[in-house]
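One chain, subunit A, links the two complexes that follow: it is found with subunit B in the first and with subunit C in the second.
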Partner chain A sequence: MAFVLFDGFAYGMLLFMLSVGLSVTLGMMNFVNLAHCAFAMLGGYSAVMLVNHYGWPFLATLPAAFLAAAVASVVFERLLYRRLYRAGELDQVLLTIGLAFMSVGVATFFFTSEQQPILTPSYLRGSFDVMGVTLGAYRLFLIAVGLAVAVLLALTIEYTRFGAQVRAAVDNQRMARGLGINVDGVFAVTFALGSGLAGLGGALAVDRVGLDPHFAFAYLVYVLIVVSVGGLGSIGGSFAAAVLLGISDSAGKYYVPEVGSFLIYLVMVVMLMWRPQGLFGRR
Partner chain B sequence: MAATATAVSDAGMALEAQTRWHPAEFVFWAATLLPFVLFPNHLQLASQVAITALFALSLDLILGYAGIVSLGHAAFFGLGAYTAGILSVHRWGDPFVGLVAAMAVAGLFGYATSFIVARFRHLTLIMITLGLGFLLHEVANQASWLTGGSDGLQGVQIGPLAGLFRFDLYGYTAYTYSLIVLFLVFLAVRRLIHSPFGLSLRGIRENPVRMPAIGAPSASHIRKVYTISAVIAGIAGAVLAQTTSTVSLGAINFERSADVLIILVLGGAGRLYGGLIGAIIFLVARDQFSGLAPQFWYFWMGHLLVLVVLFVPGGLLDAPGRIRNAWRRRRAEGRQAEFVRRAAGVSLLASSYALLVISLLWWWSFFGKAPLALGQLLPCLLHSTGPCADTALAAYAIVGQRPYPPSIMWIGLGCLAVGWLLVAIRRPRAKALPGTSTGGSTVP
Partner chain C sequence: MHRLLAGLGSLLVALAATAAGAQETVKIGIISSYSGQFADTATQIDNGIKLYMKQKGDTVAGKKIELIRKDTGGIAPDVATRLAQELITRDNVDILAGFALSPNAIAVSKVSRDAKKFMVIMNAATTVIITMSPYSIRTSVTLPSIGLTAGSWAHKSGVRKAYTMVADFAPGKDAEAAFHAAFKQAGGEIVGSVRMAVANPDFSAYVQRAKDLNPESIFIFVPGGAQPAAIGKAFAERGIDAKKVKIISTGEVVDEASLKGMGDAGLGIISVWHYDYNLDSKLNKEFVAAFNAEFKRNPDFFAVGGYDGMHAIYEALKKTGGKTDADALVNAAKGLKWESPRGPMQIDPETRDIVQTIYIRKVEKVGSELRNVVFDKVENVKDPGSAGKK
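Showing the complex of A and B:
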């Protein structure tokens, strides 16, 4: 029981990092970015490359993965995404699905379709016994990073000038523009931050869930569930939804493996029908 | 009073003119018989094309006409396929029985989910259809006692068509069967979208809030069309199961939903023939590149999708009309020369892009395995002397692969330069007054 809770919480932290960026950008620009997990995959492959080929220490690759995803996302945002902000959601879905498909092809070309192993340092490989429960060091590390990211994000959004602009743009984009906030600029920075976090999540995910070219689609559903359950543009909502999803997914796989992911999808559909704005969303 | 009557009859005549059969339509349907004569060895492929076209037609009804974006339409296709397949495993192999049962099952599920679909729009709707699609895929995956799970359904035995025609290896019966089903459904859909119901669907696509005000209840219309579309998707699935005698998870997975979306958008959504044309192009291309690993195939599909969304928003069938409109606009402004110049420039840019991509691929497939550093290989893109020539000769002698000709790259670069010049030059003109059209900046 305690193990499932612990494991699920660590998984939830991973899902939180993967999805919080999409939640905020969706809330701000209503841009349906189905290629979000492709940026996470980019982060994952950057980390794998740096550790296995260039011998970087694992911890140093995490900021690098963040940067790689953030830079790539800015390039795509400026070149492609911004052309479709005012287009219908069908065009946005098609463009980003197209990009996600391309990312799968590119990843296969450079890294083959095999699972990528990553060498984690020895201090992240052991486990501790606390009151009869075995706590894996890597899962503890995941939780620590996830909590740190969540706290940092919450502080940034709540107490900085940039955070205030983000909140204003999410609440009412036109009003924010009217007040002289450079919404496009704020959005570009937010988009980069969100994709960077996805890249960080992707790098951290390699050791927990593996990495192959289908990562871009395999985790898209989980990310979308977190976003839709948590509510668009809500960081606290994403956090709660990610933890909930992580724990229920672990519990489901542990106790009723024959049902598989069925329950998760069912919960997603029912939740969307019950509260289309998400559990914690305000709109 | 008389004026109103004339206006009404004018509108009626305009609508009637839309429903009349265009000569090109006769040509198209006559051409569907050509595979019997010209490609008798590819009738299985032709049958696949007809089935996919049918599936795309069903998506077109809800996406193109009613404006419902669905990312999980394969659910109905898969339901139809599994219904027909499972019935045949339990010795109900008659094609018509399977077809009717598939229609019933897909229709029932479509009707049940249509109540959900009619309530939502935009992002929520996309996620709900995606979720329902994954849900059914997971059911088919887990209920392996019924569906065979990831191994696919075992023991599908389809009886002869109408008790007379067996499904043969060459696909004569298969193509005849799928073509007849496609044509009949097409006639029905054609009738449907030209009916007042079909017109109000288009109204709902444009504005679902206003349509009830003029007497077209959006929700109930969406429920109806969604159910009809589900039935057609079920038919397509059943025909696939029957003509290929196999049912696997591939009938119901996300890739199938995405494929049909790509096909429809490529051909042109909201047009009767969009899905049909798209299916022909997509499946013939996939057959030609069948040696390609699926990931690379999807890379090019994704690339195509990005290009279509950015440059041909209405799909291929919409492009001629857009070009014609641009030409008329320019002619009205007396700027034909500019139109021709820009059209030439855009086509040069497009062909330069294609040439550059081809040259890069050819170069990589030829020199990629050569024992040279990247720094030595890069110049081989532009000239074929020195180490490039040696490698080329060696590879040609050993493998017999055609060497990469750098001229392709040069032609591509030339097209790029000329095309860019043609597009970028602007006619010097007086400063535009506010509110006047600044035509000439839109791509024809």
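Showing the complex of A and C:
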């Protein structure tokens, strides 16, 4: 039982890091970014390249993955996304899904279609026994990083000047502009932050789920489930939804493997019927 | 307007007729998953095909070989059917080949049967495929032949209680059924089994279930890609030691990329499979060197499937003198025997399925690298399913 909670929680942390950025951009900026996982993939490839070809220590590649995805996303935001902030959802979906497809092609061109293995340091492998429960080292690490990210994000949004600006811009864009807040700038930084977190999540995911050019799509479904169950724009919601889905996935596989990974979809359906706006969604 | 259309129509018919009359080429339609989740499988099959044609030339029995590649984009039987129909009616292909994935191969088998086209299955490993068209042959492997070999070998090696974990789709069920049958027949006991969702990134809970039952051995099958390394790590993480519990797997689980991803967690895993780039034979060493020179990576069992598939096509065409009707080609292919980089192999004259040597390997550290080291083998393994049913 304890192990189901622990494993599920760790898996949930991975889902949380992959999806919180999308929740932020979708909820705050009303922008449907289906290329979100392409930024995660960029983070993944950055980490793999730095570890395998340049001999960086794994931990040092994590901030690098964050930066790579954040910088790339700013370029895309300034050049392309910005033009579609006021466009319809269909236009946004078409643009971003097109970018996701292009990212698959570009990744295949540069890195081939091969799986990219990453060798994590020995202290992140294997497991410990704590009071009869076997805890995987990498999972402990995922939980630590996930919690740290969640706390930092919550504090930033709640207690910093930048956080206040973001909240203001989301609640009432015109009023915020009227008060002299640089809404465009706030959005650009928010977007970079969200994509950077995706990059970090991508780098952390490689050890768990592998990495190939298909990554941009393979985990998009899970990410969208987390975002919709959690509620758009809610960091706490994404966190709760990711944990819920991670634990129910783990429990489902352990107790009722016949249902297999279908359980995650069942949980989504039930949650959305109960709260169509998501756990902590406002709309 | 009608007359114009009619005129255009007859012009097209005339053009098609000239094209057919001037046939000095043999057209091969390759249907494979060049994009999407299984893109790398298709790429490696294709590399095998390319290398064979580079080594043996693109002319056989006086005819030039022309390839037309079509992408199914993943598991898409309906798309594969349409592509096969287009290849036959529009491009006039003589032979259908490729087939990374079983569902697509099953769909195209019906087209091959109805349109009477020779079909070479270079990968798809579900047993029944071969029975669905009288014109198909297979140059890869079937899971029952692996499961059977693994089951009887496990018992021979002293295992009496085994657990099985397979991916929940046709090849997985094939592997499970064959392992269970062989292991029980030898006198072993299956203490439990689980079928795991195909699209599944986290194996920890499944592995814990297996561990709870404390089996002496665990048999695993998951498709290639991201899953093998993930399941290997789950074993290490849940504290299952390959030195105490015999982990027996198919070849995907311990392929080159997944061993790199697993690291030392992979040590001691036993696998039952037909090909690995480390196989110790002169022919294989030459094959691996040529493959590396061309594509800067090692071949895998997908690549050797494509390579041997092309060999079967070339040899069959030589025997028919370049004739491409399906009956002639399939009869020529039946009973073909040759020495492949994987060892001696044959197309079964009865079932048209593959007959080959299955190797038992163990992951060991050679220098700084993890490798599958062969320590036993079973020769002339046939697929039990198709051998029984024909």
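As a convention for this text, the second predicted complex is superposed on the first by the 270 of 283 C-alpha atoms of A that agree within 3 Å, B and C clash if a C-alpha of one lies under 4 Å from a C-alpha of the other, contacts with A are read in each partner's own complex, and residues count from 1 in each chain.
Convention: a contact is a pair of C-beta atoms (placed from the backbone, for glycine too) under 8 Å apart; a residue touches a chain by one contact, two chains touch by 3 or more.
Because the structure is a prediction, the values reported are computed rather than measured.
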Touched partner set for A:91, first subunit B, second subunit C, both or neither: first
Touching partner for A:236 - first (subunit B), second (subunit C), both, neither: neither
Which of subunit B and subunit C A:138 touches, first, second, both or neither: second
Contacts of A:80 with subunit B and subunit C, given as first, second, both or neither: first
First, second, both or neither for A:163, with subunit B first and subunit C second: neither
Contacts of A:26 with subunit B and subunit C, given as first, second, both or neither: first
First, second, both or neither for A:213, with subunit B first and subunit C second: both
First, second, both or neither for A:262, with subunit B first and subunit C second: both
Those residues of subunit A which subunit B touches in one complex and subunit C touches in the other: 104, 108, 113, 213, 258, 260-262
Subunit A - residues contacting subunit B, complex: 26, 30, 32, 80, 83-84, 89-91, 93-95, 97-102, 104-109, 113, 213, 217, 221, 224, 228, 258-262, 265-266, 268-269, 272-273, 276
Subunit A to subunit C touching residues, read off their complex: 3-4, 7, 11, 104, 108, 112-119, 125-127, 129, 134, 136-139, 207-214, 218-219, 249-254, 257-258, 260-262
Sites on subunit B touched by subunit A in the complex: 63, 69, 71, 116, 119-120, 122-124, 126-128, 130-132, 134-135, 138-139, 141-142, 254, 258, 261-262, 265, 293, 295-296, 298-306, 308-310, 313
In the complex with subunit A, residue positions of subunit C that touch it: 35-37, 39-40, 43, 168, 194-197, 199-202, 204-206, 208-209, 225-227, 229-230, 233, 236-239, 257-258, 260-261, 263-265, 297
